[in-house]
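Heads up, the next two complexes both have subunit A, just with different partners, subunit B and then subunit C.
Right, the complex of A and B next:
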């Protein structure tokens, strides 16, 4: 019955509003990135992109919805192109860092012994390294391409996932159905794939969402500090750096990329929090419910 | 190429303060009255240790007016970066150059109000004999070092030999190669400079290998100032931070960690009655945005680095900051170097010319603000005057495309290295502009030191040079950048015609005839499109308008010796 279905949908929307808002925000940013070519060439530097005195155009002026930057380039086109770069880094680095962490955590928990000792001590070493400083150092060595930054972020964040997955997988390893499978002679890799991994899925999903927020922050942070994606390639972090000194005369140069970063991080946090409340990380109440 | 790893490119890219214009040196500047409302917060007047009229000041002090000041007070100058050295043979970066030029040392001659060299630590102008090859220089007898010892002729000889010592690797050595025996000493083939001798304690005799009109200009530079042998030998490599000179201020403290140094008035300075200030303080390592805030608050008095384009935009957009802006005309230009050995297509002159015609300098100028003026010729705008024959490149995309076609439409890919502002903006704009003629530019950014290192190792395709003249003649820029073997000729540009004309110009005392020769040199370099010439640099800085008798030299920096603050 339509009325009942509508009521159910409304109730579901209320119950999952955090998740819905997060998904809408993230979806919006992904869409923004996908339609980037519609906003024009982010590298074009038309002479009328600046005022006669060399000032950038502000928001909603001279046909530029989000204004122009200090070289006269369209901020909307650059923000959208920047979304492509930033989200590409975020998604790739998220997959690689969580993926590596899950593999290490599960292997250490399942095989125990020297494998656990080796893998978890390596994990401890990586956990003890300060993120930003080591990120800057790694970026200087690995390079400032998208792949390079993905590698840097992966190196910085896989250990967090490994540590959390290890704890959860260890508990699963002691569960009866896992021990029974092992006792029945099921190969270890099959046990991991068929019995442990599926039971970690909600945890991994939650981890990925929360990790996404961190990855977006550190990816942009590295570019902001000059160790990430280099201009003229637009990326929110390097756009923030370009606009940082212009806050008092062209605030849109800072606020536009800042809004992009904040909204994306916020979307990941909302999704992560929503999932966490329903999964393994839900023992505490979310700060969003306070 | 010379054997000196530190080049004038390094020097002049950073000097900023080391900049001139003959007619401009020493005569730029302003003197503004102190607004009442800012007097109370003016750091410059915060701690006068003494006050009152210091007595009459000689009218012979070279440069802007110096009389009528009030003794006491302190001035704080803040810089982006620490000086590379405070040793006059080594210092070249903005901070170091100004300290050795205007605080710690006094050269034999200094540019006067009309831009001509006038006696400073010398007693009179040199007597020039032997067809322009011998200079006899009388020295003042009242010049002392900060340790109280009298300066004698041997101190100059020691200082000049030091500049030429291969071990020291002074960037300035090539400036005095025309002294007899200088090249041999720089090459490590002689231990002493045979072309210089002390006739007595207060007379120097210099013999040149050939007449050289620029030698007198060299004598106006701080690297030609005397240094005390006993102090240098005592401190060795640490002389830079224990420096003893003969200038108006002496080094009181150097705090590397605290990023500041303090200079106090030297009461034994030979220009009696000067300086007026008790102290000058240098600070460094401060972001320009913060510097502007400090200046506005009255926490500092002078921003020693020129304002970068972003700071200029900020200043132009803020009426409250505009009053701090200070412009000093000078001879300075900027161009893009192209390494023909790394990018074969750049060997084709038509391709290089196409790059020049495809460069929209008006757009660059708009982004740079007032920091530079669109200018498509090799030498600074005001350096040749009416003698100029070369018609500067402008923006003509059709002509650029035609030249590329004429060259066979070669594939041109180059890596363009940029350092600090405004170079990244220049690189990004040129990347777009040159794409229109099929030139693919890959941008890379690194520190100034790193890029200089790459240049010396021949690992760069294209990079920016910013040249600030310290001599009021184009011979300066030619000898460094365009003459075969020039100290900063990192593209290995070589033209027998340029070499021949420049050598002739050095021997030509008549300015008009000399400029005519130099105009031919510019025509040759310009026609060759030896670089992509993009702009004439303007020196815009910021200072507290409350400072009294503030004058700035395009060559040396702030004239601290005649600066005072309201009591």
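Right, the complex of A and C next:
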């Protein structure tokens, strides 16, 4: 019955409001990146790009919705083109870091013994490396292409995922259905694929959302420090660096890319919070309330 | 306890050795010829050869590795290519400046985080307002928060200096940026352990004994929050130091973070690797310290140890 179905959908929407808002926001940013060519050439320096005194146009000026930068390039076109680079880095790095973390965490928890010792000690070493500091050192080696930054971010973030997945997988390993599968002679890889991975899926999804937030901010952060995508290719982080110098006279140069970064991180945090809350509902009561 | 601690110290040392090996490997992979960095791009071949010989660049990798590990173990992190001074001195000079910033940030983080967490944990229902504030703070990366505070308080309102100095007023905005970023984590942990303590049987006993509410909160609830907070300080250190680099760069604060950022732009290899090693040592030391302090203050940890 359509009416009931609509009512159910409405109720589901209300219950998952955080999740829905997060997904819409993230979808909006992805769409913004996809339609980037519609906003014109991000490298063009048109004649009307600067005011007569050579200043950049502010937000909402004629023909430039988000204003222009100090060379007269359109900020809307540049942020959209920047969204392509920034989101590409974020999605790739998120997949690789969570993926590597899941593989290492599951292998260590399932096979135990020296494999666990070796993998988890390596994880410990990576966990004790301060992210940004080593990010700069790594970027100096690997270089500042998209793939290079994805590699740097992966190197910095896989260990968190590995730690968390290891703990959960270890608990699953002790459950009877896993022990039964192992005892009945099912090969290890099949046990992982059929019994452990499906039970970790919601954890991995939450992890991916929260890791996504971290990866967006570190990716743009490294570019801001000069260790990411280099200008003139627009990327939110290097746009921030360009805008930082003009903070007192044309703040929109900084605020536009900053809003892009914050909105994207916000969308990932909303999704992550919504997913995490589903898993952990506290049913405890307080003795002070009696 | 002693056995556990010595195990932790050994594991910490293994981690430090791992980091030193990683930095050594990174130095090998770095593009560019160190001899040319020092002697200049148009140096005579004989000069380059002398520099190479002095730096032992022609030795086998294993010999170089042994020399590198040996000198790091003696506390010698090499000499800066650009500033021509020992890296240890460069870092040592800036350590107090960064330590002040880190201390102010930690103070902000702890005061606000513990306060808000306790307030939330004592309520019957979770505060939606606090949850919203948490999500907002989580969504603004350190550097973005720094820029926003800089724009509002230094440029628009002109209340505080825009950075560059090291006076007490120069510490306000960087310290606030660094601290606010960590508030959601501390608030969540404190709220969670407050709820756990309120539901625990020792609170039931305290209520049954007729102890006043304030006393129960101070003596039984707050004390159980100390241990997770200390753990979090240790765990958070790796992220916290990253925040320091961003904050120092945004506010042009002359500490270790901005030293490292400069070293990156100047391709100053020894300084870059030196800061990585020092950073890792700080993180590992704080983790270890957190374990020791927790064992000392938390009565439950001692009971476990005795049993």
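Just so it is clear, the second predicted complex is superposed on the first by the 274 of 290 C-alpha atoms of A that agree within 3 Å, B and C clash if a C-alpha of one lies under 4 Å from a C-alpha of the other, contacts with A are read in each partner's own complex, and residues count from 1 in each chain.
Basically, a contact is a pair of C-beta atoms (placed from the backbone, for glycine too) under 8 Å apart; a residue touches a chain by one contact, two chains touch by 3 or more.
This is a predicted model, so every value here is computed, not measured.
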- Task: Once the structures are superposed on A, label A:147 by its partner contacts, choosing first (subunit B), second (subunit C), both or neither.
- Result: neither
- Would you check which partner chain A:248 touches, where first means subunit B only, second means subunit C only, and both and neither mean what they say? both
- Message: In the overlaid three-chain picture, which partner chain does A:258 touch, first (subunit B) or second (subunit C), both, or neither?
- Response: second
- Kindly classify A:9 by the partners it touches after superposition: subunit B alone (first), subunit C alone (second), both, or neither? neither
- Message: If we overlay the two complexes on their shared chain A, which of subunit B and subunit C does A:44 touch? Say first, second, both or neither.
- Response: first
- Message: Let me test your reading of the model: by the given contact rule, A:240 touches which partner, first (subunit B), second (subunit C), both or neither?
- Response: second
- State whether subunit B or subunit C is in contact with more residues of subunit A in the superposed arrangement. C
- Which holds for A:232: it touches subunit B only (first), subunit C only (second), both, or neither? first
- Touching A:138 in the superposition: subunit B (first), subunit C (second), both, neither? second
- Note on the structure: Shared subunit A footprint, subunit B vs subunit C, residue numbers 226, 248
- Message: Which stretch or stretches of subunit A touch subunit C in the complex?
- Response: 121-122, 124-125, 127-141, 143, 213, 217-218, 220-221, 224-227, 240, 244, 247-248, 251, 254-255, 258, 261-262, 265-266, 269-270, 273, 282, 284-290
- Query: Okay, in this complex, where on subunit C does subunit A touch?
  - Reply: 11, 14-15, 18-19, 22-23, 26, 29-31, 122, 124, 135-136, 138-144, 147-148, 150-151, 155, 162, 192, 195-196, 198-200, 203-204, 207, 213, 216, 237-239, 241-242, 245-246, 249-250, 257, 260-261, 264-265, 267, 272-273, 275-276, 279-280, 282-284, 287
- Query: Which residues of subunit B touch subunit A in the complex?
  - Reply: 288-289, 309-311, 313-314, 316-318, 360, 362-363, 365-369, 424-425, 428-429, 431-433, 443-445
- Query: Considering the complex alone, what residue numbers of subunit A touch subunit B?
  - Reply: 43-45, 47, 50, 52-55, 70-72, 226, 230-232, 245-246, 248-250
